[in-house]
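Think of it as A, B, C and D in the order they're written, each chain with its own count starting at 1.
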Amino acid sequence: MSRLQVKIPGLTMKNPIMPASGCFGFGKEYAEFYDLSELGAIAIKATTAEPRFGNATPRVAETKSGMLNAIGLQNPGLQAVIQNELPRLANYDVPILANVAGSEMEDYIEVAEAISKVENVHALELNISCPNVKKGGIAFGTIPEVAAELTREVKRVSSVPVYVKLSPNIADIVTMAKAVEAAGADGLSMINTLLGSRIDIRTRKPILANQYGGLSGPAIKPVAIRMIHQVSQAVEIPIIGMGGVQTIEDVIEFMLAGASAVAVGTANFVDPTICPTLIQKLPAMLDELGVDSVEELIGGSWRETCSIR
Amino acid sequence: MSRLQVKIPGLTMKNPIMPASGCFGFGKEYAEFYDLSELGAIAIKATTAEPRFGNATPRVAETKSGMLNAIGLQNPGLQAVIQNELPRLANYDVPILANVAGSEMEDYIEVAEAISKVENVHALELNISCPNVKKGGIAFGTIPEVAAELTREVKRVSSVPVYVKLSPNIADIVTMAKAVEAAGADGLSMINTLLGSRIDIRTRKPILANQYGGLSGPAIKPVAIRMIHQVSQAVEIPIIGMGGVQTIEDVIEFMLAGASAVAVGTANFVDPTICPTLIQKLPAMLDELGVDSVEELIGGSWRETCSIR
Amino acid sequence: MKKRGTLDIIQQRPIARNIFEITCSGDLVQEMQEPGQFLHVKIDQYDDLLLRRPISICDVNLDKNEMKMIYRAEGEGTTRLSGKKPEATLDILGPLGHGFPVEEAKPGESVLLVGGGIGVPPLYYLGKELLKKDVHVTTILGFQSKQDVFYEEEFAELGPVYVATVDGSYGTKGFVTDAIDEKHASFDVLYSCGPTPMLASLTERYREKRVFLSLEERMGCGIGACFACVCHVESDPEGTVYRKVCTDGPVFPVGEVVL
Amino acid sequence: MKKRGTLDIIQQRPIARNIFEITCSGDLVQEMQEPGQFLHVKIDQYDDLLLRRPISICDVNLDKNEMKMIYRAEGEGTTRLSGKKPEATLDILGPLGHGFPVEEAKPGESVLLVGGGIGVPPLYYLGKELLKKDVHVTTILGFQSKQDVFYEEEFAELGPVYVATVDGSYGTKGFVTDAIDEKHASFDVLYSCGPTPMLASLTERYREKRVFLSLEERMGCGIGACFACVCHVESDPEGTVYRKVCTDGPVFPVGEVVL
């Protein structure tokens, strides 16, 4: 087994790096920069049952070391994703993590059932935490019982393992994580964005047409690290970690905190080749840290058995 | 009335700027840089019934556009604060907002009752949200019923108005704000720090001895703005806004979001004269925005009656 | 293959109130063959300003491997950019997007270039390319005030130029449309870039003509992946059909997208 | 009044593996009269590195209004600092803290300076001040390896210098304490700065002697307001009595604080 390989339910990854959902579209644009087969996996943009236009613009605003987005889950809808996007991605040797969203429980179930049957979809990522969807959405992500019920229902219809993507806009992330684990989640993705806003002092209005949006980027990394550190010690299922990853040191930090794989979101916008760059830097970093394989890093900040040098 | 003046319960402020609790000690150090009477108010460091040493070091770590702290409420205790610190501050013409902390309800009540009787203490700030206190502490800040009960009890014994300082580590800040308002809070302070962590990839341990700490600085400003925007529209009591303030534009943004006064925390560490600098820049900024007095700005991002030019 | 590279700053100079012209050189310049495209510029390597800034290509000299951009130092990014010295290097994504369709104007036809404020720059490279094709170029430039006027002389080398200022301190008092009326400017093809209200009023007037408008929208990726810069189309104004300003635009035929 | 100001970088040069010596000038230099104090340095104006960095004063020339610091380019801040060119200006808070008590060494007495790694720099200014007082100065410097050794010659101008390296590639193999033993170095007063384990072993050996240790701790404000840099005292190791490294220290008499 290669020293970069990571195996988590549904996903046998050549390396632990994948682009994060919503920050990579369906891969087409980034395929113009590099061969997508280099990636450990790809988390595609949230798919909903029907096509969605999303929110009014402006949909993004910059903040210090971060950005706000209120895209509002724009996507071409389940049928178009299955017919156009996934077949194109099947040309690459890379497992797909299909991000599933909706406003009602039924939407999630419909999308999950159908998309999980597509051959190159190796796992689902239940987006119960998008802060930009007004109806329903957010509530799934903040009430453990509701999230657990959704997880159970989706697990029942899904043909592939299910990762639940947790919202950081919550007081007790551990209770939430345990609830979805108990409900059958095969893994967790964390974190989604923090809900934030910026006001233009000249127009006096929020910059985002939607008023609020999701904060991502290096600004939120400490929150992500803390939550992954807490949750990874409390659950048995693996975690795909994300939130502000930019450097190879960040990748290591997430894995030491407890992530089994690492997703890169906002950084793709700044550097479209960030994912292959990180993958390429990983072996030398492992050498420098005296680590044989990436799997040794997982949870290294709290795991007793980890050989600390 | 001066165009910079702001009046909120207990505090008649020459201007809307004050240093935030814990980022200014008891003022002694900053008095070596400027005359503290220039400030709108001073929020002093959290005071507990007994002296506290706080957490082990390292207690701070830098993050992108932010910092983590796990001071652990180190302070000399109620008696020393009353005997040594507050009398020294009485030499300045500036109202004091006394930050009150504890592990149990009784601690808060004891401190609140005694400190509110000191002449230059014009208001209390109930710190129900410090993420660095292991016992009790945090729970007060995340459960509305508990926070409300604490507020009621403290209100009963306090001789001065009571501001409740809210934690951002919560899913529904509006419900929390309304609960403490209903319990008699005279105002709100928001936001305290977000709980975060950083791991040193060479030692493999969290940088902070306490593992987790509070994230402050520009990184968290969007979260603060969003919460103040939400809460100011839902409550009648005034808000002291804070979280990443560094520039005069930030001050305006907080007030437009709904804050009646603005506290500056972390930025004091970078620039010890930040508060007087902001105060000095305020009149020109008001001119530039075509605003007669700072009070016109409050809630300007959502208040219909606000004259938008 | 999408392009990415660096440009070296050769010169930077203020040309109007808060307006800077920056001249750069680098191999990437050879890609810049289509007027109206933009570059997605990383201001510097510091993370506090996380995102790139979209800036139009204003002028290109393929022989000298040089190009120019013009920008207004407004927010933190452009203000930092204005402090850069000639040795500095810029990290660039681009050229990006679809520019102005030069081929729409046939030899002998007359073209009106209508630029408002910081929308003026991309029209300059367009005008130069049109001139090569034997097209008659007339330019209308709108600014707030006399101090904001720039590139009047440069455009004058391409053909007649009329300026409008909102406060009347220079040229026609009013908007570009007032100058068009005052000068009875006629055209076969009109190309425009500027503030949305200006584009909207041109749309209202000339919906039936050959008109091409360059739009502005806040961007994330600049390459079509993030859905930040999406707009509705007029044929489905409330629906799910959309265009991305970064890849389908920034230039659209009049009436294609909802402004 | 606490001091704040700027220093202009005059020169910057690498002097060992990842070690840089930076020479600065400015009026603030006139305040730097106490060896062992430190400056709280803002690396640049960008917000992504939010906090200041504490760096010791290494050498001061009051006549020329110049001073030196030596630092290891380790994290992001010091790495950025190492890229600064001679025109650049640094925003400085300081000098801060209580330095080494020069007056503890009487004329004619012998002093041992014991520096480990990046703890070496403040001892140099101290040594120069001691020499002025007719004190006999011997220096022991400890480093990881030969490539890390710096300022051996500079210290040699003050008196005998012995170097220890952990890997034995230069001087005595082992720690500073091994060099002290090997050279039978004796002293009336010992001043030291370096990693905590080194300070701890000196404490163990010389608890009853006149020994002064300079501590390192992560800092927020650097001026005593934030309680980031607090340590326990030996007389109340679990209690609420404390010292702040930034204002009470960084130099403490041996046995005063818990290491």
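Assume a residue touches a chain if its C-beta (ideal position, glycine included) is under 8 Å from a C-beta of that chain, and two chains touch if they have at least 3 such contacts.
Everything numeric in this text was worked out from a predicted model, so none of it was measured.
Listing every chain that touches chain A and chain D alike gives B, C. A centroid comparison over C-alpha atoms places C as the chain most distant from chain B. In terms of their C-alpha centroids, the spacing between chain C and chain D amounts to 55 Å. Here the CA centre of chain A is 36 Å from the CA centre of chain C.
Chain B and chain C have Cα centroids separated by 46 Å.
The distance from the centre of chain A to the centre of chain B, each centre being the mean of the chain's C-alpha atoms, comes to 34 Å. Chain C has residues 47-48 in contact with two or more other chains.
Multi-chain contact residues, meaning those touching two or more other chains, occur in chain A at positions 63-66, 218. Viewed as a contact network, the protein chains are fully connected, with every chain touching every other.
By the touch criterion given at the top, residues 44, 46-48 of chain D touch chain C in their complex. On chain B, the positions that touch chain A within their shared complex are 63-66, 68, 142, 167, 169-172, 194-199, 201-206, 211-212, 215, 218-223, 225-226, 229, 244, 249, 252-253, 256-257, 289, 300-301, 306, 308. Against chain C, the residues of chain B that register as touching in their complex are 64-65, 218.
Those residues of chain C whose C-beta lies close enough to touch chain A in the complex are 1-2, 4, 42, 47-52, 93, 217-232, 239-240, 242, 247. Residues of chain B that touch chain D in their complex: 22-25, 28-30, 32-33, 45, 51-54, 57-67, 69, 71, 74, 76-77, 207, 217-218, 246, 266, 268-270, 272-273.
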